[in-house]
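Order as written gives the chain letters A, B and C; numbering starts at 1 within each chain.
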Amino acid sequence: MSNFVALLFSGLTLGAIYTLVSLGIVILYKATGIVNAAQFGLVGLGAYIAFWASTDAGMPLLVSYLLSIVVMALVGVGLERLTYAPLRTRPVDSVFLSTLAGGFAFVGLIVLWYDAEPRSLRSLFGLDTVTILGAPVPKHSLFVIVVCAIAVAALSWAFNRTDMGRQVRALAFDRDAARLQGIAVNRLSIITFALASAMAGLAGILLGPVAALTPEMGLSPMLFAFGAAIIGGFGRFGGVVAGAVLLGLAEQFGGGYISTNWREIFPFAVMLLIIAFRPEGLFGGEASARL
Amino acid sequence: MRRVLASERDQSAGAKPGHRRGKSAGALPPVYRRRHYLTVVAFLVVIALIGAGNTENMYQISVFNNALTISVATVGLYFAYQLGGMFAFSQAAFMGIGAYTSAILSPDYGFVFSAGVALIVAAVLSYGLAFLLRNAKHMYFAIGAMAFAEIVVLVLRNWEVTAGPTGGGNLYGIAPPSVAGYEFPLPGDIFWFLLAVLGVVLLLSVLLERSPLRRHSLAVKAIPQVTESNGIDPRRSAMTLFTYGSTLGALAGVLQAHSLGTIAPESFEVGVSINLFLMLLLGGAGSLWGGVAGAFFLTWLPEFLRPVKEYETVVYSLLLLAVIVLFPNGIVGAISWLAEKARGWTGRKGKAANHA
Amino acid sequence: MLEAKDIRVKFGGNTAVDGVTLSLDEGQVVGIVGPNGSGKTSFLNAICGIVPATGSLTLRGRQVPLGRPLKVRAAGLSRTFQTPQVFEDLTCVENVMLSDERFRRTGFLGATLARRAMLRDEHERTERALRALATVGLAALRDQLAEGLAYGQARYLEIARALAGRPAVIALDEPSAGLNAEETKRLADLLRSVSEEGVSLLIVDHKIEYLSRICDRIDVLELGRLIASGPPERVFKDPAVIEAYLGT
């Protein structure tokens, strides 16, 4: 039982992290029509910035985290200015390939900055654990789950209840019509890019203490994030969260009960099966047709 | 074989009026008139001459060998991606499948048998993957291919058969290729072997270009629904091309394993597939020569970048971005564009299809 | 030749085609007309297998499942589209060769092991394609890339492609769209001569003049239903038909 609980929480933790990356991708896609496969580079960048701030620059851990998120948001703004205009007229496939290459460029930058040696990022809670139903659960895990829940709730509220959210939804539906209605299309693009980028960075920061810090650390999580987005039909938040949690749990339970070295096979296999047999997702999203 | 080639040439030029009824009735489409075979032979001769002058230089010849090996993989990618229209981010994984299968079997069964098994395994797996993902649209296929690739690397890292638990998947001491008693112990000898293999691959690929498969694949890539209304199954066409392309990737892996002597799972990760795409796009995705050109170019580039090796990843990715955005036709595209212009100046008319 | 029974097409809540039945004999030319939204193109798409539909379809005496474009084509029905769908990266002759009815040896094995036979097939295909191109008057452009064609030429190329497969029936979706009066007349003459060779034609269009001239029968659709069917002179004077057109 305690094993089950421990694995459950690890799975939820990973699911939370994948959710953050995935929602960043989905929100950006819905608002701008761009599928950003560079997210994995941003995940790594966010983690390394926090690492630099806390280790090399000696700042307190929480400050480092916040600094990283702010910097990543600015990086997002920069990305929007540089890449949005040339990419928005291209077909989805070209955008996917281009952003994938861009992601590797970020990885390369990290390699330049530091090197490819694995490092580790400390958590706000160190290695402290809490005992739940007889299992030692890292406080960091609970922290991650809570942060993610708050983020999802905030985003959901922002999308459905605020003016800005309404505008983004209108934007996703028809950009030109939205512009004619006086919606500040450019400003919203910048905001969504910044948001997606910050979420990627946050995911990296939360992932740091769980996995090792390597330049390519974001690649698997981003693949799982795409998987979650596909399971959720590239549409509803709830579906995406469910997909991310499903993949995280598959990884941990597979790893715990079958073999820990092979643990990533389980979510990848799930992804392959879903793409093969139910590409529209398990929850009937509406946007998959556009892809 | 020679008779087939000769009759093909004559038929395409309609040069035997008495033989067939009608003068130009029976002349085949322009693609059959291009000098494919000549180009292949010329290429092989050039490389042979350059290589022959360098066989003593272990280092240079190893770089050549790398370029030749990777060319096989990029030609495969040309068929899978450019003709088949599929985002084959699994190409490096199939290289790994080929490499490891052959490496594991060859101590007991010899090179030829092991290589053969490796190719068959890759063909079966790639056909299976293509079949599994046959309804997936491009981006979804890309993600599926990447998921498959990650699974393959995981297997290579952790399976006992590939010395996963003991050696992290690294295999050493792979014997150099040997065919029917001919040994190729040194890199200088391996060079000739690789050149021969690449020659065969190019020849095979040319045969495919000079066949209905070419126009079927171009049509399927352009407007798949209309090809269906004309009786061509777009998915079958794509699957065949993907299988052929991935099997070539496996062949490249086999060649890599036996020419380098050691292999490690890192060499077959998703990032390597991105590099292969870069080579194909840089060289010019519109023609199979693009893959070769890109492979050669980007195998030499690290040699120049050696002093600043850390910049390699950044340069590669930015190069890929630049190519996608600025030079969609790559090196070969630029060359053929220049050739078109030159032909225009000398007054030669005709806008025959521009695929090599 | 062709028998379509009780074809129904629904899009979401809309019924585009509401139980249409019609048939074609060998060499017969039938025109399908109707105001906008009458379901003409949906009907065509339905029998060609491109949109999901219910009902039954029989070609050359054999049942053909709906919704399977490949099977429909194999059974002998080819079609042209509202805007000419030609493959721009291929030459004209290659465009036509694409639609041959025999696809033996067009794959991997054909290119390699069965090469001699494949080349023989390619010769025959080229000859058939050239004959089709000659019928539509494009033989001189055989080696030109289709992307350089004018609109009218692309239209004829599509017809040549539809012909090459020696179909039993050709379905044409607004073939005169974008053509002027002179070009439409030439198109009509071409279609008439094609039908005289035994190919049945199903033509969806608006232009009553040329349809009256070449069609053996006119079927009128309104709101997805067949409201009139018969020889052109009679149908176009039918009060129900006139009201349908005036009502839009």
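Methods note: a contact is a pair of C-beta atoms (placed from the backbone, for glycine too) under 8 Å apart; a residue touches a chain by one contact, two chains touch by 3 or more.
Please read these numbers as outputs of a predicted model, since none were measured by experiment.
Engineer: Taking each chain's centre as the average of its Cα atoms, which chain lies closest to the overall Cα centroid?
Structural biologist: B
Engineer: As a test of understanding: of all chains, whose mean C-alpha position lies farthest from that of chain C?
Structural biologist: A
Engineer: Centre to centre, by mean C-alpha position, how many angstrom separate chain A and chain C?
Structural biologist: 50
Engineer: How many Å are there between the centre of chain B and the centre of chain C, using C-alpha atoms for each centre?
Structural biologist: Centre separation, chain B to chain C: 40 Å.
Engineer: I'd like the Å distance between the centres of chain A and chain B, where a centre is the mean of that chain's Cα atoms.
Structural biologist: Averaging C-alpha atoms per chain gives centres 35 Å apart.
Engineer: For a test of understanding, state which residues of chain A touch chain B in their complex under the given definition.
Structural biologist: 35, 86, 92-94, 96-98, 100-105, 107-109, 111-112, 115, 216, 219-220, 223, 226-227, 230, 259, 261-262, 264-265, 268-269, 271-272, 275-276, 279, 291
Engineer: Where on chain B does chain C make contact in their complex?
Structural biologist: That would be residues 4, 7-8, 11, 20, 22, 25-32, 204, 207-208, 210-213, 215-216, 218-219, 222-223, 225-233, 236, 240, 244, 350-353 of chain B.
Engineer: For the complex, which residues does chain C have touching chain B?
Structural biologist: For this pair, the touching residues of chain C are 48-50, 69-70, 72-74, 78-79, 81, 85, 87-91, 93-94, 97-101, 103, 105-108, 110-112, 115-116, 118-119, 122-123, 125-127, 130, 143-145, 148, 161, 165.
Engineer: Which positions of chain B touch chain A when the two form their complex?
Structural biologist: Counting only chain B, the residues touching chain A are 87, 132-133, 135-144, 146-148, 150-151, 154-155, 157-158, 164-165, 270-271, 274, 277-278, 310-318, 320-321, 324-325.
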